[in-house]
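Just below sit the structures, each encoded as structure tokens.
Across the two complexes that follow, chain A remains constant while its partner is chain B and subsequently chain C.
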Partner chain A sequence: MLKFLGKRVLQIVVLLFIYVTVVYWLIEAMPGSFVDQYLLNPKLTPEIRENLKRQFGFDKPAHIRYLIYMKNFLTLDLGISFSYFPTRVTTIIAERLPRTVFLFVTSTLVSYVLGYNLGKRAAWKRSGLLDKTTTFVGIVFWTIFLPLLAIFNIWLFGVILKILPLNQFIDPNLWKSAPLSAQTIFIRLLLTALVFLIVFLIALLISNRLKTIPAKKTVLYTSSITTIVVSIVIWILSGYSTYAWDIIKHMVLPVLTLTLYSFAGSMLVMRDTMLDVIREDYITTAKAKGLPDNVVRDKHAARNALLPLVTNFVISLGFTVGGGIITETMFSWPGIGRAYLEALNTQDTPLLIGLLVFTGIFVLIAHLVADVLYAVLDPRIRY
Partner chain B sequence: MLLSVRDLRMYYKTKMGYVKAVDGISFDLDQGESLGIVGESGCGKTSISMTILRLLPDNAEFKGGSVLFDMGNGPVDLVNLPESEMRKYRWRGISMIFQAAMNSLNPVYKVGDQIIEAIQNHFPDMPLDKARQKVAELFTLVGLDPSRMDQYPHQYSGGMKQRAVIAMALACDPKIIIADEPTTALDVIVQDRILKEIRKIQRKLNMAMIYISHDIAVIAEVSDKIAVMYAGKFVELADAVTIFKQPMHPYTYGLMHAFPSTVGEKTELVTIPGEPPNLLNPPKGCRFAPRCPKADSVCSEVEPEYRELEKNHFVACHHPVQPKEVVRFYAE
Partner chain C sequence: MRKLFVFVSILVVLSVFAQTINWALLQEPKTLNPWNHYGPSATVWSSYVLGTWYGELYAYSDVRFDWIPSLAADLPKIEQEGDLWAYTVPLRNDVFWSDGTQFTADDVVWTMNTVMKLIKEYGLGGNWASMIDPDYFVRAEKIDDFTVKVYFTQPSLAKANFGVLMAPILSKKYWEPKVEEALKTGAPLQTLYNYDNSDEPIIGPFKLVKWEKGAFVQQKARPDYFDKGSTLILYKNGAVEISNPNTGFHWVGYGEPTGEKMLELVTGPYVEDIIYRIYLNRAAAITALINGDVSFVFNSLGLQKGEADQLAKASGVKVISNTTNGFRYMCFNMRRYPMNIKEFRQAIAALIDREFLCSRVLGGQAFPQYSVVPVGNAFWYNPKVPELTPGYGMSYGERRKLAIDLLKKAGFKWVVEPKIEGNNVVRQGRGLIAPNGQRIEQIELLAPGTGYDPMRATMALYIERWANEIGIPIKANLVDFNYIVQRVWDEPFNFDIYMLGWSLGYYPDHMADFFHSKRAGVGDFNAAGYNNPEFDKLADEFLAASDINKAKELGFKLQEILAEDLPYIVLFDTPIVEAYRADQIIFPYEQTLSGLQYVYGVPALVKTAE
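On to the complex of A and B.
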């Protein structure tokens, strides 16, 4: 296992360097540049022009700039943004990443949990009512054009029902007199979610060791509900709950849209693998042993069908740091996806390269995690 | 009587019509007795056991009959039991070694844990260390090293998996164990050894057994009585010696003579010519008529009744083979 990990990490490092190089030269090859656009301003004197060029590093040829970029990259320095001059690219990413991660991780998580549960039930009672409806609904949402779904949801929940705010990250009027910045509150919300996730995972590990299904359920439910209640109480006592609630309210619509759009993917994968697994002889054996129907379904069938789903899930998690340009634009969500669009529009090459490189790193790491997880879940796989 | 099956019928529904896989099967099984069911591939042997245990696929339709099973407190008809009750009889009352024993173990759980799961399902109060001890005993019984119980199925060889599956079938001290061609995937030497062990264990624990195979030689080795199955029906049932010495159904007769026979200098395998019928629409009268040398017009019109011609000797034939009679399956 260690040897495998070492080999994979080495592979990832090599891949990363190739990837950064490709990204760098692709962006470099794009016509026009931020400086060209900026220097067109006729009011600038030639001296200032030269000065600016030097400051941005455009006085050196491209391959020298590439070498400098690589040298900085080794120290995790992704340069300085042009359009947000003189903010560092890493600072911009650090500010926007939590928002994107929260949004996309939540919806990915929800859609996989939903997909797993619906998929396994649909396959278990094949061509039943649940199977037919979930497959139909799933495929409808899956094939729908995402902006259309977003607009529809905004129209339905924001305009007609008026229960959810239209878009944006926060309600500006509310935050005028706020004691803390939205970012601080947001990070705290994120921490709360993280704590919940950790508690849930620990509960899951503990419940795995328990024997009876009621005992498992009790452990899972009580720990989850306790954590939720305790964190709500803490938030209310802190006096910041209205602000936190505002952020959560603004998240519902994008999360809902993304979940609807993507749950079908995981559901169909789960349903398909489950249908294969159900035909296996060890499922008949499990039934013959006199095990209750839901034990056969969950412990024997779903556990084996889970493998491809988990891999998909981890890799999708890797992609979540990239956010979604369409979703974030539709909901005016100031995350990484929007940063991509801005960087493209303003030809802010350092930011664009930085974002691409950053997303790439995460996807590569996600692949590694998926490999390790696969080995943990499937005893037949040993590296 | 431990198990009493009467006129059991189960058809598979397909686009082309009903596949009459189990079509009026009757037999009795006593404590400690071993019944062998022999028949060509596709005649419905596996379907019988799946119907008894009610482990049928979605397209299977139960068409009637009864399965009276007596665990010591009066016979219960398994056919009418609600699913939750039926579960208590599975494995505890009747357990099974499946045809595809190699794939009967779930790849993601340790072999020992899969056996413990069965034990704790039926004896929820048994503590874990007791259950582990039981598994260790079972492993020793079937000739496996008990230290292997914490290994995964993929770490076992084919023969070891086979033994583990047998150990699992014995886990809840069942009254009846159904062994459905449990050795087909193994090489001949291992096959023979496992066969002998199954028989030894069955005798030692005084369990009843239903042993299913297409190979009459295998059946002969493990059975007290033998049922010969053809196209969804039993055509003959008698004790093993009678079936071998005095077969009365032409099909059984044919099977007995389908051994390698030495005629003069050359050895040849004599088989019954022709193919078994399609179970979608089997022949109207006797289902064996198209292949039977003794068939006449009555045979292809009227279905022969399954009767007790001699004591404990059941035959379904209009013209049973008489002692000393020679039936020729060839146009010579």
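On to the complex of A and C.
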């Protein structure tokens, strides 16, 4: 296993360098450059224009700029953004990351939970009403034009029903007197989620060692509910719960949209794998033993069908740091995805490469985790 | 107990009547730091927020754009001192920064000289460098606390009056130690650009309270704003009167303040807070406007037709339209044959029926332009220019006949000569042969694609068709904006004809920037390579003019020369269409060049609706 891991890490490093190089030259090949928009000011004298070029490094040929970039990259320096000059790329990523992660991890989680549940039920009652309905609805949403779905949801829930905020991630009229920045609240919300995750994993480990199902359930449910209640109480006592709630309220519409758009993916994976699993002999044996239908479905079939979904989910988590250009734009949720768009539109090379590299690292790590997880979840797999 | 009750009651009343207005931005400001904003990170979105923070010695009046004193107490006195020209500017003594410090000559002298030093020694660029041109500006000197002398190498309306004297003035007390500290670092400009100036004293009516990154910027009205209650009156006879009853400041210029008033404004601020909400897409901002979440949407490009139609139907929303200060044009590469032949360019101009294109093809969404000074810039626009343009007012057939005659006059021939009868092209021309006997195979017209600007793309295709009808082998090549920029400025001048657009400043010195022969070098702005000694001489005089009427006369002549020589064919521009909630806010006026966004929504004048 260790040998495998070492080999994969080495592959990742080599791949990363190839990736950075390809990305760099692709962007370099685009016509024009960032400084063009400033050089198109006829009031600037030639000396000042040359100075501007020098400030942004455009006085050097492209291959020298590439070598400088790679040298800085080796020291984990992603450079200075052109369009947010002279802010460091890492600062921009750090500012936008919590917003993106909070939104996209939530929607990925909701989407997979929904997909898992619908998928297993649809497969269990194959060709039934639920199977037909969920497959049809899922495919319709999966193939819909995402901006259209976003606009429709905004219109329905924000304009017509007026039950959800139209856009943005906070309400300015509430936040104008807030003692903390939204960034701080985002980070605290993420920390709360992390604490919950840790408690849940510990509870899962403990429950696995327990013998009876009621005991397992008690440990899992008690720890989860206690963590949620304690977190809510801490938030209320801190006096910042209104702000946290405001963010959550603003998140409902984008999460709903993303979930509707993408749940079919995980649902169909789950459904297909379940259909294979339920044909296995041990499922027939379980049924013949007289076990209740839902126990056979959930304990015997679904657990074994979960493997592709889990690895799929882990890889999806890697992509969440990249955010989504369309979702972030449609819901005015300025995260990493939006930064991509801005960097591309302004030809902000350092920011664009920095974002791609950052996302790339997470995706590669997610692939590695998925490989490891495969071996952990399925004892038949050995590296 | 009673005191507490009164205090609480006051708080309640204040909170009930606190007037907060919400405006929408379609992008987040890049920076609110003046060094960075007027330097390399200038964006219109930052301007909307901080555009009124800093005062300048002279400013444009509302609506009519008269050049009037702002921090100055009177117009400058100009005199020659040796080789230099000194502009003596008296300053107002009733101006205070938001930290309570009085505005004095020290602020002006320090700002101008520091910016000059940073430009010359450290390469400060962007708008700072366009406002304070180191070829003209020499230094600023303090005469007394409320008088400064600004020295120039030569008098110039463009570089002095509309340049240095309109540059933003920063607080010396606040910035001097920071700049000195920055100069000791390895990267002084970066240090300055990065400086957190959220506590910076300002002169304008609203001060930054909070910038919640990605969500909103909040500004609060200054109760101690020095100009509150000040009245600006524009008279129809051209006179301008400014008076502040609170401080006793009074100024009259451009004639006797008598007769009918064109505009009278009393400065506020009238609202307590302005929140600039950041929406990252137009649809969301427009929905927010319809929903009443915001009362105005800032957008330098204006509303599209569908959006304007949708908003016109919304209750409480008012849609307004204004002319813009810019133009879209096509430029000939006069370094290449046959674009260097005047009659050839005139023939192309004769073929282009701007009225037809704007009204019929573009459905009235654009208006025709003829001069390099837009019609909306009324003071500087020469109304004779349209008549000087070949083909103006002619029918379809007459335009083609004129174009053929112009080409023949210049010595062009055809393998198959075009034939026009009435308004019909009965025989299409083929095989255009230039006066030098060379057959012209193809002329490339670079134009932005439909994704960037469908109007220019459409117009390019029409021009191609009309030119082809009389045998001019123009081929429209619809490409990416950056590709055109690369071909024109980077390669350089690797083009036959290109089509782009300009947004302009109020003072039309762009005529010298775009067409003076000394600006025809690589990467410079005379992309056409236009070289006319007569034009150069007049342009030099125009730049050096210190009398506005003389400058106007010269500006008119420059426009007439360009209308005949046609290095550019100015085509059209679009009006800027905006919308606001008339049931929430009241703007003091609606008709102004480039719309209300151009004047940052006049925050000191806007009121809440009853």
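The definition used in the following text is that the second predicted complex is superposed on the first by the 370 of 383 C-alpha atoms of A that agree within 3 Å, B and C clash if a C-alpha of one lies under 4 Å from a C-alpha of the other, contacts with A are read in each partner's own complex, and residues count from 1 in each chain.
Throughout what follows, a contact is a pair of C-beta atoms (placed from the backbone, for glycine too) under 8 Å apart; a residue touches a chain by one contact, two chains touch by 3 or more.
Being a predicted model, the structure only gives us computed values, none of them experimental.
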Of the partners chain B and chain C, which touch A:Phe17 in the superposed model: first, second, both, neither?
neither
Chain B versus chain C as contact partner of A:Ala286, first or second or both or neither
first
Considering only the touch criterion stated at the top, classify A:Ile48 as touching first (chain B), second (chain C), both, or neither.
second
Given the touch rule stated above, what does A:Phe4 touch, chain B (first), chain C (second), both, or neither?
neither
Which holds for A:Arg99: it touches chain B only (first), chain C only (second), both, or neither?
second
For A:Arg338, select first, second, both or neither according to whether it touches chain B, chain C, the two together, or no partner.
second
Applying the touch criterion given at the start, work out whether A:Glu328 contacts chain B, chain C, both or neither, answering first, second, both or neither.
second
In the complex, chain B residues that touch chain A
53, 55, 58, 83, 87-92, 95-96, 98, 100, 103-108, 117-118, 120-122, 152, 154, 168
Would you tell me which residues of chain A are touching chain C in their complex?
30-32, 36, 38-46, 48-49, 51-52, 54-56, 83-87, 95-96, 99, 151, 154-155, 158-159, 166-170, 172-173, 175-176, 178, 181-183, 328-334, 338, 347
Quick one: which bits of chain A touch chain B in the complex? Just the residue numbers, please.
126, 211, 280-282, 284-293, 300, 303-304, 377-380
Going by the contact rule set out above, which residues of chain C touch chain A in the complex?
20, 22, 28, 30-31, 36, 40-41, 119, 123, 125-127, 129-130, 133-135, 187, 189-190, 193-194, 209-210, 212-216, 218, 273, 275, 277-281, 283-284, 287-288, 290-291, 293, 480-483, 485-486, 489-490, 510, 513-514, 519, 521, 523-525
